[in-house]
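In the two complexes below, chain A is the common chain; its partner is chain B in one and chain C in the other.
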Partner chain A sequence: MSAAATGKILRSPRQTAGTLPQTERAQALLQVRGLSVRFQTDAGAMQAVDGVNLDLHPGETLAIVGESGSGKSVLSLALMGLLPSIATVTAERMQFAGRDLRSLAPRDWQRLRGREMSMIFQEPATALNPVRSVGAQIVEAIRLHEKVSRKAAWARAVDMLRQTGIPAPERRAAAYPHELSGGMRQRAMIAMSLVLRPSLLIADEPTTALDVTVQAQILDLLRGLARESGTAILIITHDLGVVAEMADRVQVLYAGRPVESATAEALFNGPEHPYTVGLLGSMPSKGERAEALLPIEGSIPDLRALPPGCHFHPRCPFAAARCRVERPPVAEVRPGHHTACWFSPLLETLEKST
Partner chain B sequence: MTLLTVENLVRDFPIGSGLPWRRETLRAVDGVSFAIAPGETLSLVGESGCGKSTVGRMIVGLLQPSSGSIAFGGRPVAAGRARARQMQIVFQDPFGSLNPQMTVGAIVAEPAVLHCLVTRRETAARARTLLALVGLPEDAAERYPHEFSGGQRQRIAIARALAAEPKLIVCDEAVSALDVSVQAQITNLLRDIQQRTGIGYLFISHDLNLVHHISHRVAVMYLGRIVEIGPVDQVFAAPRHPYTRALMAAAPEPRPVREGGRARGRAVLQGEVPSPLDPPSGCRFHTRCPHATALCGTAEPVLGGEGDHAVACHHFRTLPPVPPQRADTAARTESVLRLYRRAAAARAATVT
Partner chain C sequence: MTGAAPTALPLRRARSRTLRRLLANPVVALAAGFLLLITLAAILVPLFSPFDPYETTLRLRLRPPGGDWLLGTDTQGRDLLTRLLYGTRTTLLLGLSGVAVGAALGGSIGILAAFYRRLDGPLMRLIDVFLSFPSILFGLSLAAVLGPGLNSLILAIGLSVMPGIARIARGAAASVMAQEYMDGGRVIGLPDRILMTRYLLANCAAPILVYVTLAFGDAVLLAASLGFLGLGLQPPTAELGSIAAEGRSFLFFAPHVSTAASALIFCIVLSFNLLGDAFRDAADKRFG
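Take a look at the complex of A and B:
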């Protein structure tokens, strides 16, 4: 978060925080209420994230689902305090491990990042420094936060590389990023981000650039390491297959707004928002050979010229007059299952009308 | 009748410092043969580095084969313009494959102009027809590529590929870079065009669910060789090669039924593709194969089998049967999807 962060309330979304039991509130590692991010660009103001609520407990995996332009990466950068100064971050509440992220000084951010929260990116080739060996980069991360000798740090780096399943880690630690394959680079990235045992790992499309076989290996690895160390994972993806395998809870974003939030089980067994339904329908299932895939017509709107009412209405096959003018509030359809749609509960409403 | 026949295609790349005694060759494609019929979609699947894109590039003439033959309509393909009229290619990255200084109309019409298919006066009309064919608005012709989203740019690239009225389009990961919802739009568009024009596709992809959905036949490549080829239903229902089975097991299921906990993890194929500079002896897959025996390390299996489903594996007859792949989506999700499909169809009908 930049110095521009004010903590001022832009608007007041539904207060769900008050309804949570006291114990659950105390335990949450990350708790966010009404997070909004606004960019001031030459072409006008742009609301990239609008009223997002998050709860993440230790050891839990939360998936943020959305397509490009849905604000999911901006959200993760806001949580890491990595947004440029043209961004204004506002939230009613932004609590991480007992600290208020809204009023954190840059120095405190630096202590937090890498040590207590870390991040892995989609393209490890651009996230790693090309002119330093991967071992040296891991050593740097360790010595930035802990007073240990170079030698001890190197031994830890090698050990961490071994845990990520890199063969011959003593040799590979001295390798430069370009000497490693994509899967190996992503393992090195994971080693670097987990070496200090952070309590939160943000994984932004960690497997999108990888082959399916390697993707399965990396997801296995992330799951295993998180289980061992109790690290909570915030995984950002557009791939519902990845969500199904990794996530305990899911938050679906569309054009910066939260449209559906539920446990992964509830989401796959009964999606509520038409956008989620569209996402589920647009991917061919295993063993399926339908006549035609079910695309979501049109494309995601320009964040500088968002449609009024429900942002999804121009692409929604169910859209009614009300959807074009009035923004649907986030409401709870079933316990723990929230959605922002005038048709909620979707199946019942649709069956009634036909 | 076949449209395209490739036989024993081989491509070597020189690797190394340029000093003659340190030069090595990387054999990216090592004896690939297949045929495509008019109106047919053949998919090439495999992990990165297996040579699938190299095959595509050799077919359209962007790379010269080191050896082997490519025949089109029964005759060896000519170089240059004549080939470009018959075959076109659509690339993965719609941001890098369109000239930013040309208007979309000029981009789309350029192949038609080059091949003298239109007079100067007809150019604009041809561009509009092509853009309409791929579902872009008429005013798109006067705009520039940067004004379009990724999905729309991929439509422009497809319109350009269609301009020369080719009989075959090589789609090299043509939808991989797109958002899932847009991916489905482009996939449906490719299928519609095929049904209308009878064009053939070589569809290069790593997305097995998508490949199953759109192709007629599928060829699986590993380290420069085809290890299995056959009709898509047969290959997916009863994959014979252990590598094909591993790829299918590794593909994620986007609509799983979840009962408590997480979806079942995928069967993970261990290790990575070996370096093509030094491919394993015998069967190239034996270093990662759960069924490998001593024979696999020494003797290379040949591609063969009954009918049109061929496999290159010593042991395919004795492998255990594969459990059916069909995922059963949750009942409630099915119902919602059905209603969504119906509403989407109704809406599409009122728009057109």
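Take a look at the complex of A and C:
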């Protein structure tokens, strides 16, 4: 039944060059191998992210998908070097634009952030400094990295605000965040993070806090501006609609562990991991009104007390004895399509057993 | 197009509304009016007082209030009102500078402790040590150690009010640190220096300033107390505490000297405290 649900797709994902196998591609902009983040808390150690691999090429959009608590935001903060000191980040490899992020000094981080990598947050209401006008904040970002006059920087800030589609940008630049609507704040945030044309933009749930009608506009804007400046986007979301809209490749996380990674097209057409199948099944679709949603039973486990074996087995409809004791490794099912499940390739295995 | 004009007007209007509401409270209005009056009088006293604050005329000492001298004369035959206003000058100046020093030190410590988590423990334990001394005892020993003089007095008062301000600043800053815009500033590459000032300090200035108003009363009281105990500025400098102390020996047959000085100290400190409380209530409504 669940497997049948995989066939229905809401919108076909965007067709791009992102379907090439990654090995044939040019030098990756961001390459991460075995990234793990561990928090030392009073209640014991907590492995928030475990063994994540990422490959992001210039101009490409990669989506990181998972429920709340699946370590998505921790992952993005780790990539920006923004985790608090109670977190320990380890990785076999963490390359960004030819630099090793693992051994970056604070000064080098500051030079990198804003100019080469930037980030936008879920809640634009809290991510902008409330006591400074949005124009002043953009000017600050520009003048931090480039030697330009205040006047020239202001003109650029206004221009960037105009590019984000804010009406009357000359006046809005002088406005404080609380004087703007949610959508406009997010536009201002995007203007601030893209004004220096970074090569990587991390967007952490950029549309979650926004009105549905504004969501699509913001996604369009992000895509348009990123394409124009050749910026690669790492979009973090739990909304598969956003993935279909934006992503070239998708990486699904469950409890901080990668469970599936594929091109957006392959993932929507043939999801391999039962968790992905469940995510797709719990999504409403237009046209098929009578079809009941198929929610994933239960909730994400406590990261301090993960179930043994495959971490998803307590919620998995296919779980077998082996899943309860042995953790499945990440394996390549098809070229460029990786998953961590004992049953993969899922469809073939299920057909065989029935 | 949402239509709202993007100006800072609403905020400014809210500010003046807060101010008007504050002054609508008669107690607050009285306290503010008194402080304004006494400050102006203390500043302008050389312009309107016909008396010299330092010239002693022993023949005229300890005259009761009334007649040529509105509040009588002091132990050296000087006009008491003039002395008191000059004394208010000194005491307010000591309080103000002391609080400025305390706010600068305490504010920096609080901000640093909140911003660099590893400094939090050491800095705050240091503040706890400071807090464990009663401020009058602390000020007294500091003034004694540092010796007489304006600068050491200001430093003593500053260090006495510093711990309270540091705690408030650290608390306010810690809550701002949890805000997303701190990360928002980091992701555009801002260095710590700017994050600490334009982001952290700018966003927690309001609660710190409210507390500083309250600390002002304490600082004035401490300045006067040190003067009373003889550790303040040395005579013939007029200072409210030392005027009160001078009159103490003659309390029975010329009570006006000590009484007037003490009453003035009392009114000034009370006004600051009332004003500080009102600010805090208003701030709680707006920020809480």
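The rule we apply is simple: the second predicted complex is superposed on the first by the 325 of 354 C-alpha atoms of A that agree within 3 Å, B and C clash if a C-alpha of one lies under 4 Å from a C-alpha of the other, contacts with A are read in each partner's own complex, and residues count from 1 in each chain.
Here is the rule we use: a residue touches a chain if its C-beta (ideal position, glycine included) is under 8 Å from a C-beta of that chain, and two chains touch if they have at least 3 such contacts.
Given the structure is predicted, the values throughout are model-derived calculations rather than measurements.
Chemist: Return first, second, both or neither, reflecting whether A:A43 touches chain B, chain C, both chains, or no partner chain.
Modeler: neither
Chemist: Based on the superposed arrangement, let me know which partner A:P130 touches: chain B (first), chain C (second), both, or neither?
Modeler: second
Chemist: Contacts for A:A105 in the overlay, against chain B (first) and chain C (second): which applies, first, second, both or neither?
Modeler: neither
Chemist: Quick check on the superposed pair: does A:P271 touch chain B, chain C, both, or neither? Answer first, second, both or neither.
Modeler: In the superposed model, A:P271 contacts chain B only, not chain C.
Chemist: So in the superposed three-chain picture, is A:A175 touching just chain B, just chain C, both, or none of them (first/second/both/neither)?
Modeler: The answer is second: A:A175 touches chain C but not chain B.
Chemist: Going by the contact rule set out at the top, does A:L347 touch chain B (first), chain C (second), both, or neither?
Modeler: Touch status of A:L347: first partner only.
Chemist: Residues of chain A touched by chain B versus by chain C: which partner has the larger set?
Modeler: More residues of chain A are touched by B.
Chemist: Between chain B and chain C, whom does A:A305 touch in the aligned arrangement: first, second, both, or neither?
Modeler: After superposing on A, A:A305 lies clear of both chain B and chain C.
Chemist: Looking at chain A, which of its residues have contacts with both chain B and chain C?
Modeler: 181, 184
Chemist: If you look only at chain B, which of its residues touch chain A in the complex?
Modeler: Those residues of chain B that touch chain A are 47-48, 149-152, 179-185, 187-188, 191, 206-210, 212-213, 232-233, 236, 246-248, 250-260, 262-263, 265-270, 272, 324-327, 329-330, 332-333, 335-337, 339-341, 343-344, 346-348.
Chemist: Quick one: which bits of chain A touch chain C in the complex? Just the residue numbers, please.
Modeler: 77, 80, 82, 84-85, 109-115, 117-119, 121, 123, 126-132, 137, 140-141, 144-145, 167-168, 171-172, 174-176, 178-181, 184, 189, 192-193
Chemist: Which residues of chain A touch chain B once you look at their complex with the stated criterion?
Modeler: 67-68, 181-184, 211-217, 219-220, 223, 238-242, 244-248, 264-265, 268-271, 274, 277-290, 292-297, 299-300, 317-318, 346-347, 350-351, 354
Chemist: Give the list of chain C residues in touch with chain A in this complex.
Modeler: Touching chain A: residues 1-2, 4-8, 10-11, 117-118, 179-181, 183-191, 194, 198-199, 202-203 of chain C.
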